[in-house]
Amino acid sequence: MNYIFEENFEVRDYECDIQGIVNNANYQHYMEHARHQFIKTVGLDFVDLHNRGIDTVVSKIEIAYKRPLKGGDSFVCKLNIKKEGIKYVFLQDIYRIPDMSLCTRGKVEAVAVINGRLSVSEELDKAFGCSEQSE
Amino acid sequence: MNYIFEENFEVRDYECDIQGIVNNANYQHYMEHARHQFIKTVGLDFVDLHNRGIDTVVSKIEIAYKRPLKGGDSFVCKLNIKKEGIKYVFLQDIYRIPDMSLCTRGKVEAVAVINGRLSVSEELDKAFGCSEQSE
Amino acid sequence: MNYIFEENFEVRDYECDIQGIVNNANYQHYMEHARHQFIKTVGLDFVDLHNRGIDTVVSKIEIAYKRPLKGGDSFVCKLNIKKEGIKYVFLQDIYRIPDMSLCTRGKVEAVAVINGRLSVSEELDKAFGCSEQSE
Amino acid sequence: MNYIFEENFEVRDYECDIQGIVNNANYQHYMEHARHQFIKTVGLDFVDLHNRGIDTVVSKIEIAYKRPLKGGDSFVCKLNIKKEGIKYVFLQDIYRIPDMSLCTRGKVEAVAVINGRLSVSEELDKAFGCSEQSE
């Protein structure tokens, strides 16, 4: 796949559970952080957007868990984005460093909510390079 | 839908983020806790299983976010289970209390890993009432 | 000690780490949730207070870890409060159920911040029964 | 103060609560991660130690919260260690980057537990440079 952004991480031991592997919910945290870091690279900021009444709200998430991360592992979360109708679809895959084995494959659908209403945000479209809807 | 188990919760304020709503990853925590509580009702225990070398490992998760939970909300996570091939498929939906509006609809696929190998666990099959594969 | 409020909990497996015991930081979560539940019993609400510009901000925390909680354990967080100068001091101890062995002994100091400034809040003083400063 | 180790971090938005600031419990996570990173620099590993029956268990924690971190903030957790009797005392302070204002001042006491018993670990003493007790 073609990715447009990537963020490096290192597993923190508190993210691991009794099985000695990263708890499943934490992959959502990693993916959220990678999205918010991506948003910064296009000149926006999650908190600033929120304070201006613009929220990107996740409407659906799918994660396929392929291989668990363990304490001490380094990994990278790679990301691409496309627009499907009103939705922003983030494709986010996590690879272990350095062997680059695939750990999780994720798809996150988000929508823009402006002042509490489902909306089209030209600002987000432009920032994400999605000004034309591309099915 | 027909559910066979339910677990009640109350949102804890630390689970909410700057948007004032429960952070998406926490729904996975709620769903995990509901599954583990369900497992207890069928006479098993997640930690005890782990210590005996039997892990149920989540292979895929899908969550549709319909309506956010806020600080102070009560909710119930309802659960059903079916077996598809080697996979246990948990259907887990979260409803806000008391109006029972649907907050999230989730599907969690898990497999049995015994001593590190993908396996069929008769013990889990029997406990989950899935001794016959039901597509 | 004399306690004026208590909240029951059950350990959730995702709160445990690779040592099989509840991660230390989660006791702060339990204590925070107990405080916020206590605040409700005196007619206030953490989120509502925040929305009205009144925040109770923790300025110091001390926790002595006596005995770890494990997956499946039930426990109770008991609480008392006193005022020392401008600070609210919450004494919060966690006991395992049913043997009531002491797990953690905690002291949380908080101050009132109104519209961003350190303040005296008569509303909080009254609600907490601390209208007279008691050194 | 004199520090012997430091670890850089960036606040992740999911670590912030409805007040828009990092939830208090997360500072414990930051401090734990910094300790475990420090342990690696002296040739040890938290998970590996655990698997060999050696656990460092936190017996007491004190954190003074001076100034909150917000979404987007970078910070550094600086660390020093001394031994007091049987206890390892980690002094861990968090400073915001780049102005280096003090955010939290922390003190973490830990003990060595070997195969479930409170013990003196020469391996840890040597690694931490605490082979002589230094009050």
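Going in written order, the chains are labelled A, B, C and D, and every chain counts its residues from 1.
Basically, contacts are C-beta pairs under 8 Å (C-beta built on N, C-alpha and C of every residue); 3 or more make two chains touch, one makes a residue touch a chain.
Because the structure is a prediction, the values reported are computed rather than measured.
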Message: Going by average Cα coordinates, which chain is farthest removed from chain C?
response: A
- request: Identify the chain pair with more contacting C-beta pairs: B-D or A-D.
  value: A-D
- line: Distance between the CA centroids of chain B and chain D (whole Å) is 33
- request: Go ahead and note the Å separation of the Cα centroids belonging to chain C and chain D.
  value: 23
Field: Mean-CA-position distance for chain D and chain A (Å)
entry: 29
Message: Show the residues in chain A shared as contacts by 2 or more other chains, in ascending order.
response: 13-14, 16, 18, 20, 23, 25, 29, 32, 47, 71
Message: For the complex, give me every residue of chain A touching chain B.
response: 18-19, 23-26, 28-29, 32, 47, 50, 55, 57-65, 68
- request: Could you please specify the touching residues of chain D with respect to chain A in the complex?
  value: 12-14, 16, 20, 29, 32-33, 36, 40, 45-47, 70-72
Message: Which stretch or stretches of chain D touch chain B in the complex?
response: 13-14, 16-18, 20, 23, 25, 71
